[in-house]
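Shared chain: chain A. Partners: chain B in the first complex, chain C in the second.
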Partner chain A sequence: MEIKKLLFVTKFDELRFDALQSLLGLRNAALEHVVFLYVIERDKVAMRRGKGYGKMEELRLKEKANIRFIDWAENLFEQGMEVGGYIVVGGFVQHVVSSCEKEAADLIVIGPPRKGKIEQIYAGSDITEIVRRTQKPLLVYRNPSQKGEVPESPFSRPLLVMDWSPAGERAVAYLKGLNKIVEELNVIHVNDEKDLKGSTVTELQMLRKETRKKLDDICDSLVDAGVNAKPHVYIGDAVNEAEKATEECRATMIIVPTSGKSSWKERFIGSTAGTLAEKSAFPVLIIPDPS
Partner chain B sequence: MLSKTSALFIGLFVICIFSNSAFASNQEKSSVQDKNGTGHAVGSLSEGSNHERMPSEDLSHNSVHPDQGHGDADLGEVLPLWSCIPFACMLLSIALFPLLAPEFWHHHFGKVSAFWATCLGLPFLIVYKGPALYDILHIILADYVPFIILLWSLYTVSGGILLRGSLRGTPAVNVVMLIIGTLLASWMGTTGAAMLLIRPFLRANNYRKNRTFMVVFFIFLVANIGGSLTPLGDPPLFLGFLHGVSFFWTFRLIPQMLTVAILLLVIYFILDSYYYRKEGVTASEEEDVKVPLKLEGTYNFIFLAGIVGSVLMSGIVDWGEVNTLGVHRAVQDWVRDGLLIIMGILSLMATPLTLREDNSFSWFPIIEVAYLFIGIFITMVPCLLILKAGSRGELAFLINSVKNPYHYFWITGALSSFLDNAPTYLTFFNTALGSFYAGMAESQAVPLLMADKAIYLKAISAGAVFFGSCSYIGNAPNFMVRSISEEAGTPMPSFFGYILKYSLVILIPAFLIVTFIFFV
Partner chain C sequence: MPKKVLVVDDDPDVRLINRTIIEENGYTALIAEDGEQGLQIIKKESPDLVLLDVLMPKQSGLRLYSQLKTNKSFQKIPVVILSGIAKRTFLRSQKALVEFGGNEVPEPEIYLEKPVESDELGKVLRDLLG
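And then the complex of A and B:
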């Protein structure tokens, strides 16, 4: 599984060119083509009481984005990369999905979600929808200066939150394909504390051994593929423990598989992947269920 | 920082004025109480009033059971006229800000609404305490909540229906589309019908040169006049329903609606035929490829039927009352609201997001309405109370000057053209109640208004709905249709261009004809 084409979805203020540059290490893996996408959300130019449709505003925003994209493209051309771009008006998710399909991108990069909890309940989460509809890995990325330190090469020391699902297996396969850029991979599994209530110490030890065995097997397969992987077992809340593990292991990114709960279930209950993507200070790569 | 300080200063200033007024009013009230011993304030305006019977028993009844109307009539008699200023400012803000400062309005309309609501609500609560709290709670629970729930459910459900495919926009096809839209508007709301049909309407005519007038007539008929037959059609009529106007009563507007609709359709057909021949344009081969019409998300019609059934049910059954935060509301009203929410949620769950995306569905318009109407409803409390007090309230001059049905039709209409038509309807609905049945409980007065003074209610209803089409800001779907049309490349007239070229030339003569036939 290679990353040849990257769809870089930006609104400029939350994801700038320096963020993209920090991802160019992926060229060592296979990256050769970057497609920019700027979606002018319809509410910004349409449905204005007293003003109607802001055609001039649309043109102004498009031109502004075009100027940035030309500048970025020149820089990438110099580095020998292929570049494309879209500037469109409409629904954010709709255009990310359609551009991803059109370009057959291998990885989508977007900025941190902005929707509040209430908005997510009635309108759904952009992240969940994009992942569900594209079935492509989605990297929720932040500008290097934003909230916490984002390293220069986020793929160098990732942390995989393993959950034994088909999506988890896909994540492992994905990481094997990145063996040229991953320096060290920490693989963790978080046993949910709620499920362990009433367990004896012996039972806990047994569980730890079982989990560790499974993680060892995964790490062995990764090492065979040329990825330096280390296993860790955690107990607690998946989101909190993943964050803790990322700091403990000095990881540069969290990779989290998602089994694809129904969109409605996720709106109310949430998911580990969704919550991490929203809250974590680290870049979060979501790997969807292949089915 | 500066704006916060100014807001605080204005708030304190208004409290001071309110306090002085309340003090004066209380003194007056005390003296009246000493005289008649009834414990009810009788404003000075009641003396010499030539209006309707107003026995003190009626007031007493209203005070004991304030739920039956909007609070107690006493407050309406002592409230000063300028307590309506925040309401006027709220409506003027909605009318003027989008024109004068569109960017500011787009980003801050919620704050503007909260500002005017606070300007009225805070001093009103401090000065009048319990009764004021009751009136605010009453209008929120009995008017705002069901109003927003209905609009949300209609908007959500109708936004899940998508008409794909294209027709060829000949004058006959266009007239048929306008007729279908006009008929649908009363059942799925003017917003729902307009959103369902505007894109197919634009697609059908994208090869035509002159399209502007088509969209204008679409706004006239589908986004406004078509919604006059049921409380689901247009927000003002649902407010009437919430205040006791029966569901099917609005069918009595059929003659007025048909008169205007037929007039407009005839004018439209003549205009469209003229331009069609003059243009001599035929669709290019590419454009002429007919994509068969296909209605998607049709299961939403079931939810739509559920909405109609729920609203009907709440008007038919009587399951008693339930006290919520001191406000008595009928059980069936709460059940209706719950069912409407369920219908909306079912529609959201059943309709694929991709279908809504293809419909360019956005929550923005309904969020805007929700923010604006909380401000409108709170600020209009004094105005409604004063109107309810009839000739004993400070708006007696208005009640006395608005006498004939055509007065109601034109004044409600003129204001509905530029201010929001829902609060305008409620204002004149209460003017009529205050004029004919001052002090009487709403539950008693509204049936009398429907039966004995039906022509007045028809004038108010028709005025509020029909005149909503006179400007882009008269009714919410107007600006939405304009925006969609411009986005699709159909040039639309400016705000004043719309009024001068179309409303004054086409609508006003049509409304004059309606006036002479029905309201003189």
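And then the complex of A and C:
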């Protein structure tokens, strides 16, 4: 699996050109085309009593975005990259999905979500919806640096939260294709503490041994593909442990597989991928189930 | 038979304005929304001139220009670049493409940076097409 084309979805204040620059290391792993997308949300230009539809405001916002895109594109064109862009008015998810389809993008990059919990319960999470509808890997980008400096490549030292699902297998295949840019990969599996209530010490040790064996096999296959991978076993809540592991391993990004299904249960409780994408201080790459 | 001018631009307002200028000067306007569509129309219609934007979805004007100028069937079609991207960037980007394995191409016949007055564009069309 290669990342040849990247869809960079920005609102400018949360995802800027320095974020895109930190992803340009992907050029060593086949990236050749970047497509910008800016969605002007309808309520910004919607009909107002006594004023009508905000056509002038729409044109102003479009031109403002166009000026930024031209500046970014000039920089990328001069590096020999192919660049395109969309500036559209309408629903955020709808335009991300349609642009991704039109461009056949291999990776979508978006900024941190802004919907509140109540809004998510009723309207659903944008992240879950995009993943479900596109089935494409989605990078929720954050700059973990507090100083505002350009972050290093998120793909240099990722952490994979491995489960044994088809999406997990897809994530492993994805990482093998990134062997030229991944310097160190930490692969963890979190055994849920709730499932271990009443277990004896021996049972816990057996579980650790089994988990570790599976992780070793995965890491061996990654090492064979040229990725420096290290296994780790954790016990506890998947979201908390993944955050902890990211800090312990000094990882630059969390990669998490997901079934990509949006259920009512997920809306209320949240999936591991969704919760990490919403709350983590690190960039989170969600890899959906290929089916 | 009026000469054909192909407009390749993703902005519907620019397409509309350019179409009007082309038709007012007595030429036929052909329209494409991106580089991919532009190439299809060039293959089908063999226009007499191409008015080309640079930053577009699917395929940029930069790549389409390279394709045209390295293809014997199309390299004689004059191309006017009409873009917000600066000429300096366009030329440097063409050099970068060559460094990444592309072929060298000549500079575009005319390079106009947006916005352009309709009189100026009309004059360019008449100078190139007669």
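Operating definition for what follows: the second predicted complex is superposed on the first by the 277 of 291 C-alpha atoms of A that agree within 3 Å, B and C clash if a C-alpha of one lies under 4 Å from a C-alpha of the other, contacts with A are read in each partner's own complex, and residues count from 1 in each chain.
The definition used in the following text is that a residue touches a chain if its C-beta (ideal position, glycine included) is under 8 Å from a C-beta of that chain, and two chains touch if they have at least 3 such contacts.
Since the model is a prediction, treat every value here as computed from it, not as a measurement.
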Contacts of A:G91 with chain B and chain C, given as first, second, both or neither: first
Touched partner set for A:E129, first chain B, second chain C, both or neither: first
Chain B versus chain C as contact partner of A:K102, first or second or both or neither: second
Chain B versus chain C as contact partner of A:E82, first or second or both or neither: second
Contacts of A:E241 with chain B and chain C, given as first, second, both or neither: neither
Partner chain(s) touched by A:R42 [first = chain B, second = chain C, both, neither]: first
Where chain A meets both chain C and chain B, residue numbers: none
Touching residues (chain side chain A, partner chain C) in the complex: 35, 66-67, 69-70, 73-74, 77-80, 82-86, 99, 102-103
Contact set on chain A toward chain B in their complex: 42-43, 46-53, 55, 89-91, 93-94, 122-124, 129, 133, 263-264
Contacting residues of chain B [partner chain A, same complex]: 94, 97-99, 102, 105-106, 348-349, 353-354, 357, 360, 362-365, 368, 472-473, 479-480, 482-487, 492, 495
Chain A-touching residues of chain C, taken from the complex the two chains share: 10, 34, 54-60, 62-63, 84-86, 89-90, 92-93, 96-97, 99-100
